[in-house]
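Here it is, the structure, as structure tokens.
By letter and in written order, the chains are A, B and C; residue numbering begins at 1 in each of them.
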């Protein structure tokens, strides 16, 4: 991979970092959190796809490992949330 | 009993090198398996010792053997030692380590040095746990519920938590090794569909170990931080939620029970076709059901929390999911019985254990379904019904499978046959002792006897006495194999390469195997369980 | 087996780094790579447990989390994020240097990575010290009265404020521990790179060490907004 591509990704990541910090001070209501997480995910994707070579030089198995791990984390988060978010309903 | 060979003894993994350094610094997966065998057997007897003390106390309704606090420590140490230092490593670390590379035609696991590290981590954890036991023990229950464990217990919670953390790391590394090995190191021609189902079972187990254990690890870290730094994450007075601990704890600990049972199912799936002289019925169904158990097993954890305070709606969700997770297990039971149908059955010791497994696991599993029903669970949760349920699966299931596997592969591991009549006798004792110990506990639970209580109303005594009597018989059944396996290493009949006429690459190499498992890397051109092509053993390997 | 004549011949065909239980160097490389990715998967679940605690408590105690978040220094946090991103760049360039056989460049980039790692840890140390001075470390000396005073617009329950800081220290602490381990790994890699161990045919340790480093960077990429930027809206 060319070093120019790496530098390009690096600049993008730096810019996105500044954007995250600045946008936090603007009132977007409930979307502040969404925007912050979306930007963070974009940054994470850039690191995974380019710095960790997943886009150009990886096999399906690597992608399966990444996706499964994230999916499993989401199971933990969402099923726990299923309890907490429904406690106030009815008798809990 | 065969005499020693007259010609120079062939070199194999046991006699290749002698001396303690060659064992403690080995990277041979087979030697590491034996290191584990010795360690987990040791901890099995420690855990068993606590069990006997519990049963002794429960002989009488009054709390007259030990004090209440001591009793809390007894059942805690029994649970922690049995689960983390016996059941979870048992089959994967002993039979898995020994057989996974051979069954796929590889020379060793992908990361032999990490394999040795796994064992050392297990030993370090074990030493920490032993130290914890002898310096006072823990009384929180193996479940470490907060805020008792974080704020009120004045026993060695930190040490026990850290010991289990280290043991968990050992477990993660074993799982990692297996997954990479199975993906990368299969011999030419060994496609996924030709893998022994023992391998599929260990693959599924490893996935659970990899995805679940880290959550237990962080949970224990948080408990330790709470005790050391007084963080307050689980402290209700500071807004902490004890139920959060339970969610995080059971997210691992429920899948952990599948770590304990899946390898046993894998063993049974190897034994039954061999002693039915028939190909396994529904190879792909069994393979995929292992994966399904691993996946679904992560979706049901809050069924341990039905009465703890979770919302009714989430309880409903977890109840339905818990029903679903029983389906893949049932598929396996049907496939095992279908395999035996019109097979040519031999009642060898491994087969006796396999039969025991099917019957007892089915009972344990079905009673799990009772517990998944919210209406029933409200009454029998935290009673001996639950205790009986999980012992049927863990002991009647997992331990029987482990013993069956040890007998099945003993010739391969040691190059010797165990005495078959003693094997059958011990199997029978185990089966009888087990049922006498634990069936009364179903009744006790139904009648309302709570678990983790050190005294009980007098009307429960008869059933408790039966249970304790059974436990002494069971203990005899467990001691016998240890004795005759040791005996056989010196005096047992010398084993052939394939005394059972079994399918699988491990039976195509010598008993015991050479250090690099095969003289030449095998090339696989046949399907798994090709019992239509393998002749039954001519020589009766099952004689005295 | 290892000193029979046939084995000696076979030895000449591969480099010394090929372990004998592997058939080919490619198999070994693929095994190492898969192993590291799976390990990173376990790390996602390891940190994930704390993200779960964070999620639940943030939902239940948003005001307290918002106030606690405001007490962190956004500038330092942003700088630290950029430091880690720079370190990921040097790591990626380092792997490339190894691929191209440029030993000196590789060593420089690995050293730069370590420097960035130390910079991150140094800044983190400063931030933690600030928390200590402000009595925001959970425990006996915890005191949230400054937050209640500074943010009267946010209704803060002082008995719940500690939870935010407990998670802050647990999460950044665990992350910092991983950074320290990463610096140790890279010190090891730098030493061996300097000794010429890594060539275009064998640079697997650099690659998998790099994967670990990038992962630690990604964890921080999420920790930064989740801890520092919970609620920075101008208060009316």
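Here, contacts are C-beta pairs under 8 Å (C-beta built on N, C-alpha and C of every residue); 3 or more make two chains touch, one makes a residue touch a chain.
Since we're looking at a predicted model, the values are computed, not measured.
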Between the pairs B-C and A-B, the one where more C-beta pairs touch: B-C
Longest centre-to-centre distance from subunit C, chain (CA-based): B
Chain centre separation (subunit A, subunit C; CA means) in Å: 15
Geometric centre distance via CA averages, subunit B-subunit A, whole Å: 37
Per-residue multi-chain contacts in subunit C, two or more chains: 34, 38, 41-42, 45, 48-49, 52, 56, 60
Touching two or more other chains - residue numbers and ranges from subunit B: 183, 211, 215, 244, 247, 251
Numbers and ranges of subunit A residues touching at least 2 other chains: 61, 68-69, 72, 76, 80, 84
Residue ranges of subunit A touching subunit B (in the complex, touch as defined): 61, 68-69, 72, 75-76, 79-80, 82-84, 86-87, 89-92
Partner subunit C, residues of subunit A touching it in the complex: 1, 3, 6-7, 9-10, 13-14, 17-18, 20-21, 24-27, 32-33, 36-37, 39-40, 43-44, 47-48, 50-52, 61-62, 65-66, 68-70, 72-73, 76-77, 80-81, 84-85
Residue ranges of subunit C touching subunit A (in the complex, touch as defined): 33-34, 37-38, 40-42, 44-45, 48-49, 51-52, 55-56, 59-60, 74, 77-78, 81-82, 85-86, 88-89, 91-93, 96, 210-211, 214, 217-218, 221-222, 224-226, 228-234
Residues on subunit C engaged by subunit B in the complex (per definition of touch): 1, 19-23, 27, 30-31, 34-35, 38-39, 41-43, 45-50, 52-53, 56-57, 60-61, 64, 138-140, 157, 159-160, 162-163, 166-167, 169-170, 174
Contacting residues of subunit B [partner subunit A, same complex]: 183, 211, 215, 243-244, 247, 251, 298-299, 301-302, 309-314, 317-318
